[in-house]
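Next come two complexes built around chain A: one with chain B, the other with chain C.
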Partner chain A sequence: MISYVIRKVLFSLVVLVFASIFIFGLVSLAGDPLVELKQNPRIRAEDIQRISAIYGLDRSYPEQYLFWIKGVLQGDLGTSFKQNAPVNEIIGQRIFPTVLLMGTSILITMIFAIPFGIYSAIRKYSWLDNLGTFFAFLGFSMPIFWLALILQLVFGVYLTEWAGTRVFYTSGISDTNSGGGLVDLIKHLTLPALSLAIIQSAVYSRFQRSAMLDVLSSDYLRTARAKGLSRRTVYLKHALRNALIPTVTLLALYMGTILGGAIITETVFAWPGLGFLFADALFKGDFNVARGILLLIAVLVVFFNLVADLVYAFVDPRISYD
Partner chain B sequence: MTEREIAAGGTQAGLEPSPAALGDEHGKVEGRTQREIIWRRFKRHKLAMVGGVVLLLLFLAALAAPALAPYEYDEIDYTAINQGPNASHPMGADNLGRDELTRVLYGGRVSLLVGLSVGVFSTLLGAVVGIVAGYYGRFVDVGAMGFVDFMLTLPFLPVLLVLGKIYQFTAITIAAAVALLVWMPIARLVRGQVLSVRNQEYVQAAHAIGVSGPRTMLRHIFPNVVGVMVVQATLITGEAILIESALSFLGLGIQPPTPSWGNMLEDARTTMTTQWWLTYFPGLMIVVTVLCVNFLGDGLRDALDPKAVE
Partner chain C sequence: MLEVNNLKTHFKTQDGVVKAVDGVSFSLEPGETLGIVGESGSGKSVTALSLMQLNPSPPVSYPEGEILFEGQDLLKASEGRMQKIRGNDIAMIFQDPMTSLNPVFTVGDQIMEAIRIHQQVSKGEAKKRAIQVLRDVGIANPERRVDEYPHQYSGGMRQRAMIAMGLSCNPKVLIADEPTTALDVTIQAQILELMVDLQEKYGTAIVMITHDLGVVAQLADKVMVMYAGRAVEQGPTDDVFYDPMMPYTWSLLRSIPRLDTAGEVRLLPIKGTPPSLIFLPEGCNFNPRCPFVKDECLRIDPALERKKPGHSAACILSPEELENKKHRVDQELGVEG
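On to the complex of A and B.
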């Protein structure tokens, strides 16, 4: 057991080392961060050399990587090429909006998708289940940015015209005129969170349904019914608990995908989170910021994978450790 | 590696055979070939049939776009700027007076080309890795699956965006990049299948009479994973169409003036409130196409899944 844990942890560390090399190298290829300075005829060559030296850009890629990773290991992601501020600070400001958006969308998804998935499994092939299947297919097949655009049109434009006043905002996190506050935040948060929640619900409601179906056909559930327990007790006490495990695991394992999806949603709604920052940094050539975000995502993904593996090993006695 | 398989086992969410596919006919004992059995099962899945036919039509329309399209895709007509749908422009015209229907047709070429290429290449790549890892086992398996785990930690959309920044993407290069980033789940699935047949008697028998490793893989193991591969290829095709549209929408995929449904939607954003047709039609095309692909995949799964009740 202990050797299993050690092996998993070591593997995660090796993966992170390779991921950091990959991320650094890939982003380095994306372009020259000083290209604007070099194209500017009013900036002298020796100034460019001086700036290159400050950022370490005059050294070879392996040296640059070692310089970068040394900082990263000490908790310093470097300095922005464009804003003259530490990357830590720039990224730090964007974490809360992303966590807020992701958290809200996941909460909506769970509140809706888990009960619906369980209902669909218990009442398999009922009209509501079939309707759910249809909407799940629609959700699987819809680009999230298009759904976001349609929500902007319907709830941002048509509803505003119809109501004569702005109910939901389609960009940003707050409005200077309204003076902030919780109501203002909700008006901004609703549409982006809903876009993400609708697409995620398609995945999770179906996943919950099939997890519940697996449990419902198991022997121990038949035993529970056979010894005279009521349907209600069997479903809620025996089946539900076991059927929730795969869903929670899926959520952990797909954290990276969810964060990747945030790039699109945050960009459409100009939501000031990490995804929007990443797209923006990439376009502007602020590569240390882009690297920092990629590394952050990789660390989170590896961490959640490790946690899922270890938790599984502890709770599920069927898993072998060799 | 069993923990992952338990987790992965459930990801085929909501894709059990539909009631129609399960309805078996008792009493008939006519001999049927495997192919007939599969075809009969597939035919019962009405949505998959519809999806297949619609996809075929879309595919033909995209192939014949130069002949079908009423205009050139980059033909600018100042008199038609921002016109809504009408007789000469059935889907309206954009802010340069280009015919939206023409551009939607040409955009379909990009989407279908990318989708199909990714479907084929990522599935082949995944299958090769999965079969080799599963068949040879030991350090080959450990190494291959370690690499799969590593690749899975890379967030593919951000990585694709960086790649799009490095290279000017064309349809073919997008397909190659996406294929290289989505093959891993297929490799895992195929490996699992290979592990379940590797130690069966007929494989050992082949081994015993001196059949070589590669030949065993090709003739005796590969046919067992074809079903899984076809289903996965279909589902990945749909996913790839969505990924391409997202990349192009973010401005790092197919570059204008070449139309793709994604970059047309990006163009549409600025005039979204007034020129609704520019937002609705390309988006609807994506949804209809991917929906048909997914219905087809669902039907194929029901038809090819050996565990399905017959």
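On to the complex of A and C.
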């Protein structure tokens, strides 16, 4: 087990080295971060030269990479080109909102989609299962930005008009007038979290349904019934334990990408998370910020891959890494 | 103790009603072994699952018949009552030990669960008993093995564990649905021997479902041959095997090699395949495949009738006619040299 983890960690480090090269290279190719300055006739060429030198942009790409990665290895993601602040600080401020949003949406998804998927499998082709199938395919086929806009329109605009007061906010994380607080946070969080949860629920409920269906046809459930167990115990103990294995694995794998934030949803709701920051940084040519976020995602994905492997061994006794 | 009268188990499907079991009767006394023999799809397993009331419902229905267990009709018993009977009074072991144990619980947990549903005992006591039954079924080192998962057991050991689970509450009836089919031959013999030993020790009655005539010959006191959902021959094992009264039974016996007649009697495969249970042939169900078919067989659907004391068969041929025909076939292609 320990040797497995060590091997896996070493392999992960190799993956991360390649990931850092790709991240650096691809972001560098996205354009010239000083293009705005260069197009401005009022800025002199020597000033541009000077700024290039400050950020190391006058050097070759390999040199720039080594300079960047040296900082990264020391825990310094560099300086923002646009905000004149350390990237660490800029990203740091965005982690909590992203974790809050993604955590909430995943929690809603799990609470709703897993029991529903299990119910759908047990009562296959019942009207509720068919309804679930209908909404799942609706969820699959809806682009999230469209769903987000509809939720904004219905719960942000119409509901506010109808109630005469603002129930849910459609942008930001807090309202300066209301003075913050938990209620204010929930009013801001609900719509973006719901958008994500609806789309994720479509995926997870289908996934859980098929995992449960696989298990329901197993011989060992018949054995359990033959012992004298009630249908309920057979489903909730013998079937569920097996049907959750793939879901737990999927969730652990998904966790890494989740924490990178939801670019579209955060942008539509102006949610101050990593996804919104990433889109913003990329459009504005704030390359060190974009690289920092991508690298963070890479590290998290690799880390949660490892976690998924270990969790898998924990939930499924047939897997062992000796 | 167990008496099944005219049991009918039907399944509603899109193509029509499948009469998987269509009027089967038998009885079982304590300590007795009944062998149910037949090809795949003859209704053996459905009969067994009917006894347990474990056929998938909705499609299943029981339009007629009764299953009397100690005087109580299980077809009319509530689900709650059945849960008390299953595992405790009537236990069942299944064909494929590789898939019949839950992979995520230890073998011990699964046996203890069976004990603790039916008996008010502490976890520690249940574990002691689980270890004891594992020892009874010949698992070496049961104290350690009890905490292992099914994937750490071999196929033969898993079937032993299944038997241990089945016997853990000391049931009156043990239904074994092809318990040795998935095992290799040496393990098969061990498992069968084990079942005989345990039957002597616990006095359990066994319903042995199999398509292996050798198993029945070895274990069963009496035998029921099933074809297309019906019992076509029933009687004491020796009678049925030495003097089969139904051409199907005779064909089955002639289709397997025997050591004592090797080289003398040619194997005679049964032609064709079992009929669809939705569209049964007119007359006798076996007539398309019967080597002794007569014109009447296409019209008359024979009922099970007594041919000798305790031995009944569903065939319009008289014992004498049948004897002649068997003899003729033997002369035509059987005896060599």
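Operating definition for what follows: the second predicted complex is superposed on the first by the 296 of 322 C-alpha atoms of A that agree within 3 Å, B and C clash if a C-alpha of one lies under 4 Å from a C-alpha of the other, contacts with A are read in each partner's own complex, and residues count from 1 in each chain.
Convention: a residue touches a chain if its C-beta (ideal position, glycine included) is under 8 Å from a C-beta of that chain, and two chains touch if they have at least 3 such contacts.
For clarity, every value in this text was computed on a predicted model and none was experimentally measured.
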**Request:** Assess the superposed three-chain arrangement around chain A: do chain B and chain C clash, or do they fit?
**Result:** fit
**Asked** First (chain B), second (chain C), both or neither: which does A:Leu77 touch?
**Response** neither
**Which superposed partner A:Ala113 touches (first chain B, second chain C, both, neither)** = neither
**Message:** For A:Asn242, using the defined touch cut-off, is the partner it touches chain B, chain C, both, or neither? Pick first, second, both or neither.
**Reply:** second
**Prompt:** Which partner does A:Ala281 reach: the first (chain B), the second (chain C), both, or neither?
**Reply:** neither
**Message:** Per the contact definition in the header, classify A:Ile90: touching chain B only (first), chain C only (second), both, or neither.
**Reply:** neither
**Message:** Contacts for A:Ala19 in the overlay, against chain B (first) and chain C (second): which applies, first, second, both or neither?
**Reply:** first
**Request:** Could you let me know whether more residues of chain A are touched by chain B or by chain C?
**Result:** B
**Message:** Nearest 10 degrees is fine: what angle do the Cα centroids of chain B and chain C make about that of chain A?
**Reply:** 70
**Message:** Per the contact definition in the header, classify A:Leu151: touching chain B only (first), chain C only (second), both, or neither.
**Reply:** neither
**Message:** Just checking: does A:Leu194 make contact with chain B only, chain C only, both, or neither of them? Give me first, second, both or neither.
**Reply:** neither
**Item:** Smallest separation of CA atoms, chain C relative to chain B, angstrom
**Value:** 6
**Request:** Return the residues of chain A at which the contacts from chain B and from chain C coincide.
**Result:** 316, 318
**Prompt:** Tell me, which parts of chain A touch chain B in their complex?
**Reply:** 11, 15, 18-19, 22, 26-27, 29-31, 125, 133, 136-138, 140-146, 149-150, 152-153, 157, 203, 205-211, 213-214, 246, 249-250, 253, 256-257, 259-261, 263-264, 267, 278-279, 282-283, 290, 293-294, 297-298, 301-302, 305, 308-309, 312-313, 316, 318-320
**Item:** Contact set on chain B toward chain A in their complex
**Value:** 2-4, 6-7, 10-16, 19, 146, 149-150, 152-159, 161-163, 165-166, 238, 242, 245-246, 249-252, 262, 265, 268-269, 272-273, 276, 279, 283, 286-287, 290-291, 293-295, 298
**Fill in**
Given the complex, residues on chain C that touch chain A span 52, 54, 79, 83-88, 91-92, 94, 96, 99-106, 110, 113-114, 117-118, 149, 151, 162, 165
**Message:** So in the complex, the part of chain A that touches chain C is made up of which residues?
**Reply:** 218-220, 222-230, 238, 241-242, 245, 315-318
